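Chain lettering (A, B, C and D) follows the sequence in which the chains are written, and residue indices restart at 1 in each chain.
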Amino acid sequence: MSYLELETAIISMHCEDEKGIISAVTDFILTNNGNIVELDQHVDVDSNRFYMRIEWEIDGFGIERNKIGEYFETLVVKKYKDVHWNVNFNHQKPKMALFVSHYGHCLYDILGRVDTGEWNVDIACIISNHQEFEPLVSKFGIPFYYFEMKGNDKEAIEAEQIKLLLEHQVDLIVLARYMQILSPNFVDHFTNRIINIHHSSLPAFPGANPYKNAFMRGVKFMGATAHYVTSDLDEGPIIAQDVIPISHRHTLDDLKRRGRDIEKIVLANAVYAHLSRRVLTFGNKTVVFD
Amino acid sequence: MSYLELETAIISMHCEDEKGIISAVTDFILTNNGNIVELDQHVDVDSNRFYMRIEWEIDGFGIERNKIGEYFETLVVKKYKDVHWNVNFNHQKPKMALFVSHYGHCLYDILGRVDTGEWNVDIACIISNHQEFEPLVSKFGIPFYYFEMKGNDKEAIEAEQIKLLLEHQVDLIVLARYMQILSPNFVDHFTNRIINIHHSSLPAFPGANPYKNAFMRGVKFMGATAHYVTSDLDEGPIIAQDVIPISHRHTLDDLKRRGRDIEKIVLANAVYAHLSRRVLTFGNKTVVFD
Amino acid sequence: MSYLELETAIISMHCEDEKGIISAVTDFILTNNGNIVELDQHVDVDSNRFYMRIEWEIDGFGIERNKIGEYFETLVVKKYKDVHWNVNFNHQKPKMALFVSHYGHCLYDILGRVDTGEWNVDIACIISNHQEFEPLVSKFGIPFYYFEMKGNDKEAIEAEQIKLLLEHQVDLIVLARYMQILSPNFVDHFTNRIINIHHSSLPAFPGANPYKNAFMRGVKFMGATAHYVTSDLDEGPIIAQDVIPISHRHTLDDLKRRGRDIEKIVLANAVYAHLSRRVLTFGNKTVVFD
Amino acid sequence: MSYLELETAIISMHCEDEKGIISAVTDFILTNNGNIVELDQHVDVDSNRFYMRIEWEIDGFGIERNKIGEYFETLVVKKYKDVHWNVNFNHQKPKMALFVSHYGHCLYDILGRVDTGEWNVDIACIISNHQEFEPLVSKFGIPFYYFEMKGNDKEAIEAEQIKLLLEHQVDLIVLARYMQILSPNFVDHFTNRIINIHHSSLPAFPGANPYKNAFMRGVKFMGATAHYVTSDLDEGPIIAQDVIPISHRHTLDDLKRRGRDIEKIVLANAVYAHLSRRVLTFGNKTVVFD
């Protein structure tokens, strides 16, 4: 993929807004001979918060790769308030776990994106409360873990899953139509690293059966929402949404059929944005530099 | 306007679904030498309900205009169950009242549509709880009635408004960003004849301050909803909706500015559909033949 | 899938418009005890053409399945002018061939839809002018035929491909980003049975490099178009289109990346509509009953 | 309007991309005690071009308003290559001329936006080749100039129009469905200051009768395009576009009716972006900071 032709470093950060931050950050890169290839910044006036993502060519940069963080902290971060930041490299390949249940459309879609090289990520493992996708997943040589939920101790299962995810050194968990609610304890282990797809345009139709509820209410648009999972169900920071028009001609089955396509595209857009370090989260809102 | 070149009759109806209704209705028109110019029908399988709108050239039709209803009732309606129906003629000019408050974008938009002949309707009067649009309205020679709400008896004011609307023989009331809540008594006088524009994509963000709430929640789409007013606030049958993408780059002021355009277009789509007898309502849902 | 719970027959037809066609068709079904589950009709006033799709439960229908066509022709078709029609059954499983080249996103998407049972179709075979997707296709147990084009006689290759498609009794050919132009001779063998996806919103940017041309022209929307292939390149009847907004922030690579998603969804929408007998074609236009 | 609560200065610029431009510009403002309220920048990698729009509070800024340009040129512009730039102030009220013919929907829309204070602009005059909108325009107290085109010397008329526009010190000309082609000479007087609305999604359906051509081609989307006028008809830099889905159910009249709404909204979006100094043009493309 062309985005990997150049080897780059990426700093994502947000902090209290003050005069001169952009200059400080760009100076840090320019004085060390970095060539900036992309710079996005945003100020949220309401919360007085500054957001920035900057990407530059690593080749010829004056600070060694594994020292960039340390230098950036000393020379920039310390001068500003409440800075959240990280440094990444576009050639790093993050590790992703997928959680699935009965519906396969998001799973197939993600397998295709990874297999064709569209996404620079490894699928470390796939976890399910059902066995039906094991044959498919095995075709792609990916570890598949089945956990029977019914009649079992959810807390114990989650403990096992967390252990597994840590062993696999998973950076990101994608709930690809996973029909179990994760406990606050599970969620706390992976803050802003669990992406869920909900099959409505939140905050409309949270919870169970959004398609049926949309159908009953007679809305003229339906949608899907990808968001980071928090302990408040369907209330986490929204990363991506999309909608399509519907009419009286569409049955509930049509809604489900057409919904699958928005779900998989919206989820993919959110995961891609996360993987390319374009999502910055503060409070319950995201800044997505697309 | 080309839609008025032909003089037509329009029957809109819905009833319990049974075999043969389409045949019965089309036969009624064909055997009386009517030339059908448009036929839309829909069956809602869930509620076993049949919906139809049929429009035919009145010229040469074998039944006199003022007898069509009587004959249709005798020959068709009586054979089916729970039939809701009406007959209209495209050359009839309905009378519309507008209710406005402080925001003028929907008002200007509607004045333009009527003035250019886009809509075949008369604006009977404009009612407001503020005086600011009186000079504008007077330019267009339309009666303007001002009702001061503050400190006054709402029930008495509504009684006066109802009297006024009946005197003006108003067919349709359009709440063009009217910021007062109508009482159930008022609403009952005009069932399915009051259209409101709400500045969110319902059921998301009902009630007050939808733009602010959308901004705070960090949604990636915002919208507007036109619906018939019922005594449940923001819960009436939805006629039209539209949405636009938003991002972190949009301030609350941007949302308001861009929202005005969706509001006025969505409201206009709903009013146009109503005026051309394309909206059929059953329970809390609409069938809109577009 | 729920759409297969009922066993149904489907008649799709179009003809010169005349009074009474709907009655004639619905009477044919009703008098033989058929229960209509879906009826769509459309009159194109400009060309005086009538279009209809009607679907009814086969269970209890008074005419045997393999006689329906004969009876329909005798009792209905013969009375009208220039009737194009066919009868199908929702339980029939059509056979589809896919043609692919270097890009895999449409291929993966279609494999997923067939594998999850979303589409009621068999993939008879996959034909390519490259070998790279052979390993993937073999995972799904589908015959894969490779034809090296470079330096070879195109006419002879096409003859071989046609033979293969006939042997496999293929009903539908899907060009899933196939980068070769089919000869008029090939196309004539499969009129209105070859669906292509073109990566622009036709008629904008036909031919080669639509993304680059869209990028150079600075358009603010880009799209994809699925159409039946005719001997006029990119000029066949359009079945489905979709578009997305773009801005100066999007590079040519972004256009290609985001374009893949619209391509695969638009192609899938067109194929689904074709498979469920919802596309009626006359001249260079389609009626798609969705 | 809230955007006018603060008094601000705005610099829009583009130039050859080089290291350090953002720092140079932000330093210019920060060292003179300016508080930046909005900063947008973009690098077009293909053309190696840097684009920036920066807006800051004028209150307390260390350089006098009428000296800002001179200082900016000396301290910043001179150090970079091929810089196009300008300084504006949000409290300046630009002067706009409207050209109209027979269709009034864009005219009514713009009158409403100016009258309600949505746009911070004066309508200096309205020019038409027809007399029908004179009564409307006179209601709003705006000068209306009628030029009969038929049988008259176009060159002489344009000369008179140019004179008029210069007398009115017009900053921007909006062709609100003006059905005459402007000569290259006229266009050259107002480079990137004439905005036209074309009723198709360019480059699809340029020239005459785009709705009819879209209808004949059977496209599934239609749109509108606002662009700066150049001497190449319908080929100027695109500022804004929008599209809506259409189907076989829509007649040519439906296309025209629904098209009017996209036309007026797209034109308004383009004019608003221009008025708020958010459109930067280089070659045949625009950067629109929204």
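Assume contacts are C-beta pairs under 8 Å (C-beta built on N, C-alpha and C of every residue); 3 or more make two chains touch, one makes a residue touch a chain.
From a predicted model like this one, the values you see are computed outputs, not experimental measurements.
*Asks:* Counting one step per pair of touching chains, how far is chain C from chain A at the shortest?
*Replies:* Shortest path length, in steps: 1.
*Asks:* Suppose chain centres are the mean of their C-alpha atoms. Which chain sits farthest from chain B?
*Replies:* A
*Asks:* Between chain B and chain C, tell me the centre distance in angstrom, where each centre is the average of that chain's C-alpha atoms.
*Replies:* 38
*Asks:* Please tell me the distance, in whole Å, between the geometric centres of chain A and chain B computed from their C-alpha atoms.
*Replies:* Going by mean C-alpha positions, chain A sits 42 Å from chain B.
*Asks:* Listing for chain C: what residues touch at least two other chains?
*Replies:* Touching at least two other chains: 45, 249, 290.
*Asks:* If every chain is a node and every touching pair an edge, decide which shape results: line, ring, star, complete or other.
*Replies:* It is complete, because no pair of chains fails to touch.
*Asks:* Help me check something: in the complex, which residues belonging to chain D touch chain A?
*Replies:* Those residues of chain D that touch chain A are 19-20, 22-23, 26-27, 30, 35-39, 41, 43, 45, 245.
*Asks:* What part of chain A is in contact with chain B in the complex they form?
*Replies:* The touching residues are 42, 44-46, 51, 201-205, 217-221, 223, 237-238, 240-243, 247-249, 251-252, 284-288, 290.
*Asks:* Would you tell me which residues of chain B are touching chain D in their complex?
*Replies:* Per the stated touch rule, the residues are 2-3, 104-105, 108-109, 111-112, 115-116, 118, 136, 139, 249, 253, 257, 260-261, 265, 268, 290.
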